[in-house]
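To keep things simple, chains are lettered A, B and C as they appear, and every chain counts its residues starting from 1.
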Amino acid sequence: MIGVISYLVFFATTASILAIAVLGLNLQWGNTGLFNGGVVAFFGAGAYATLILGGTPQAGHLGGFELFYPLALLGGMAAAGLLAWIVGLLTLRLRHDYLAIATFGVAVAFENLMRNAEWLAGGAKGVRGFERPLREALGDGFLYNLLFFAVVLVILIATYLFLERLVASPFGRLLRAIREDEEAAQSLGKNPTKIRLTAFVTGSVILGLAGGLYGTFYAFVSPQDVLPTLTFQIWAMLIVGGAGNNRGAIFGAFLIWGAWTASGWALSRFAPVEAQLYTGSVQFILIGSVIVGMLMWRPQGLLPEKLVVSQRGKTPLVKQGV
Amino acid sequence: MIQNLIDGVLTGSYISLGAIGLTLVMHILRFANFSHAELLSLGAYVALVFDALVSALVPVFAVKIAPLSLTWALSAAILISMVITAISALLIDRLVFKRVREKGQELSMVFASFGMALIIRNVIGLIFGLSPELYSKDIAFAMILSRDPLILVKPDQIFVLVAALVLMFLLHLVLSRTTFGYSLRAVAENPSLAQVNGVNLSRTIMAVWLIGGGLAAVAGVFYGLSHQLIPVMGRDLVLPIFAATIVGGIGSVYGAVLGGFIVGIAGNLALVILPSGYTPSVPFLLIIFVLMIRPNGLFGEARA
Amino acid sequence: MTNKLVYAAALGLAVGLPALPGTAQAQDCTTKIGAVLPTSVDWGRPIAETAQFAVDQVNAAGGAAGCEIEMVLRDTQVDPKVGVDAAKALVDLEGVKVLLGAVSSGVSMPILTSVTVPGGVMQMSCCSSSTAFTGLSEEGKTNGLWFRTFATTGVQSAVGAKVAADKGYKSVAVLYKNDDWGQDMARLIAADFAAVGVEVTTSVAINDGQPSYRAEVTEALATQPEAIYLALYPAEGTAAVREWISLGGTQNMILANSLKSDEFRDNVGMQYLGAALGTDTASPRSDSADAFRAAYQERFGSEPNGPGLANSYDAAMIALLAMEAAGPDASGPEIAAAVARVTDPNGTPVSADTAGFTAAKEVLAGGGTVMFQGATGNVRFDANGDVSAPAVIWSFSESGTEEVEYLSLPEVDAFIASLN
């Protein structure tokens, strides 16, 4: 019994971390309509920077600053934000399909840099030597995992509340206005370029936060953690959960990660030994089919975006999202 | 240096073929089709099957066309594969993309194509296994064009380049001399106006998929001929093909051709400047570089 | 879970009856061990099959620690998140005390730091080669729970340099897989080549999943080396070597053990591999040396050629021997501590098959220690869970591979010492 609880806590921690990332993407895509095809670069920037800033000194690469943990995590978020700012300046004026490909390329280049620049982040070996905060005091058993989960959960809820308030604020309205009709927003004297950049950076900072927590949880990060698969997984969570709806984003994260792990468990339990070679491929076909099926029959996701009317009764100058 | 340049042109030939189809689809249907590169691997594997089939049925055809490693059987298989891949592309559109198009916005299409790419790639992996396959296990030796500096070219690659150029020329004739070519351009410019003027929209879309699929099949086989077939080859080719499309400018067939050669040459020349570990980033750096200077690519036009 | 009474009865049977090597003794209980391996990639599946093969042999000898062994296998998809989750599920839900895996260092490491060390579970990897594990262990963060049977990085580069020196190659170009193993190999081989006076003309990284390796090969070719050193896996190794040969590159090749693969030989072609010499760690010269090879051929119909197969077999076998030595209901740390009892250089030698396991049971029951003569050699772990082993130089033959030269452990150690 304790085993089941221990596993569930572990599972929920990973799912919650991913849910934070999905929330970050939801701000970019769901609310602002920015197609970020390089989610993993910002997630990875957060993870790498957190471990480099907070870790113990390692021979051969940058790091070992041993910063106080919350500062290291903030540093991770800042690194993701900085990367997003640079990428945003270069690419946000592009059409959406150009943007998707350009950001996809950013992620490829990020992984490439981490894999090759040994002086920076250990190369293919990755970054280790990170002491999880308070591990000395709590040990690293079930109690630690439980408390870590509690912290992640609090951060998830805080992120959710922050985004809900942001979306309901005039700024949130502006985001949707730009998403729906950029020129109309511009004609009202708004500066879409600046606002899109703000949303892109904010979303990426949240992605970096998720990455920082992920790195903390495993006390390790390597180029294998920043492959395009993760971008795809996070997108799948958002699409299935419901783009534009923060609750949908969280729901999608738990659902997809649950399905991903449960299908692996079920295949190992029930699939005949001879069929095990194929379970990887089968799993990807299933995931692909779920995405395509969702877009064909319910493109708005399981929990669709709700029409937000933040100032009832005022002149509806800005067209609202449908 | 000269060798890298020549290699780049040869690599560019199959990237160009892949990019032509993608640029048309992206132009007419207005979405970034991430599953286009999977049509290359579909075409390559279909040709593998028919190559084996034709060789078994008509053993005479299993003879190499000297000095190439291409057999008569494989040549026949390429034609069959073009037809099958073109029809598959059309079917995928009918079954999936068309429905998504009608239901959602154009951006849903991008993600649906992600999903389709995963499905196609893994179905191929299930059927053919994950290990590499080869059309011919014999190694075709390169010809020495010059000893100092050493310049080597494989006969297969010359064939691939010439065949690709011929196909591009044929396509050019179709686009510039036929009514179909005009209607294609009209649809791209303004779909509703074109329809008012009697252009059949759905037939144009159909033609785009057939052309894109057929050329993708050839590109896939040419790739397999120069290298090897693996189920994930679509994943490996997607970035170079997108880069070619974007560098050339979405919608421009000539841009795609030029873009393909630029990407090929850049990939081969990059090693002169960058350590070899960084090669996967080259197509991306190229995209960013070109878009900085020309936000719509070399031949692309801004559109509302 | 484990029934002590049954164990006692089984022990009684085993002691009371003359031991029949290779015959199964019925067991009423089952002990689970976990395996997290990338079964969805081309080279991952055979590694998992080989681990299962070792488990089957042990079960034929009546199981370990009084119970039949069931290996629960999970796919990692080479995705760290998926691998860590699978490992956690095996530890928490299946209650395993021993975990085999993973293959990639990038997956093994987070499993070690977040699942097995906190959970007090022994982790034995066949193939994770990163030097980061040694560093982690030196800092005392593995609690002695980490082992790997992958000996080959240091030994292999040293023997590779020996091949070049013996063959009289003056200059060598290096092509390496751009992952943690390849980057380590490239660094080590460059130093070892320098030590024996062979010039490295260039060292070119080969990235996974590139559409073409033409540029990389051209780069190496332009330096006109006398020979080429390949630290690659079969898929990209085949692509790069076919390109290399077609461009008229030298057929003097030195291969890391990852290319000891039938797929590579078949797709490149024997006619081009006549001058190719490979390196690998080896079984010791003893009567039981070929036990693993013979049994493997009987089971799979081919030689155990492919990255990590012998290592995977030894990982599973040593883990099971340690379980046997630790006795029923042992905890992870107890099993980890027992590894020394089954890889004792002064212990009774036992072979790598069912008979060997049966023999080991008897010795261990009598309080003795054994020396496991595994598929990769007389495996001997140091304090950090790393191993060293004898080495062999091999070449391709029509049927598979054949041995060219054997270097005993003292010879390997002496040669490595001479390089410094």
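As a convention for this text, a residue touches a chain if its C-beta (ideal position, glycine included) is under 8 Å from a C-beta of that chain, and two chains touch if they have at least 3 such contacts.
As the structure is a prediction and not an experimental result, all values here were calculated from the model.
Student: Treating touching as the only link between chains, describe the layout with one word: line, ring, star, complete or other.
Tutor: Contact pattern: complete, every chain touching every other.
Student: Could you tell me which pair, A-C or B-C, is linked by more C-beta pairs in contact?
Tutor: The greater number of contacts lies at A-C.
Student: On a C-alpha centroid basis, what's the spacing between chain A and chain B, in Å?
Tutor: The mean C-alpha positions of chain A and chain B differ by 32 Å.
Student: Provide the C-alpha centroid distance between chain B and chain C, rounded to the nearest whole angstrom.
Tutor: 41
Student: Quick check: how many Å separate the C-alpha centres of chain A and chain C?
Tutor: So the centre of chain A lies 36 Å away from the centre of chain C.
Student: Where in chain A do residues touch two or more other chains at once?
Tutor: Only 112, 115-116, 281 qualify.
Student: Could you tell me which residues belong to chain C and also touch two or more other chains?
Tutor: Within chain C, residues 40-41, 178, 205, 207 contact more than one other chain.
Student: Residues of chain B that contact two or more other chains, please.
Tutor: Residue numbers touching two or more other chains: 275, 277, 280.
Student: Flag every residue of chain C that touches chain B in the complex, lowest number first.
Tutor: Residue list for chain C touching chain B: 40-42, 178, 204-207, 209-216, 218-219, 221-222, 234-235, 238-239, 242-243, 245-248, 263, 266-269, 272.
Student: Which bits of chain C are touching chain A when the two form their complex?
Tutor: 38-41, 45, 48, 52, 72-75, 77-82, 84-86, 88-89, 91-93, 95, 104-107, 109-110, 113-114, 117-119, 130-132, 135-136, 139, 178-180, 182-183, 205, 207
Student: Chain B touches which residues of chain A in the complex?
Tutor: 33, 35, 90-91, 93-94, 96-98, 100-102, 104-106, 108-109, 112-113, 115-116, 232, 235, 239, 278, 281-282, 284-285, 287-292, 295-297, 299
Student: Can you check the complex and tell me which residues of chain A touch chain C?
Tutor: The contact residues of chain A facing chain C are 3-4, 6-7, 10-11, 14, 58-59, 112, 115-116, 118, 122-126, 128-129, 140-141, 144-145, 217-220, 222-225, 227, 229-230, 260-261, 264-265, 267-268, 273, 276-277, 279-281, 283.
Student: What part of chain B is in contact with chain A in the complex they form?
Tutor: 26, 30-32, 96, 99-100, 103-105, 107-108, 110-112, 114-119, 121-123, 125-126, 239, 242-243, 246, 250, 275, 277-278, 280-281, 283-285, 287-288, 291-292, 295
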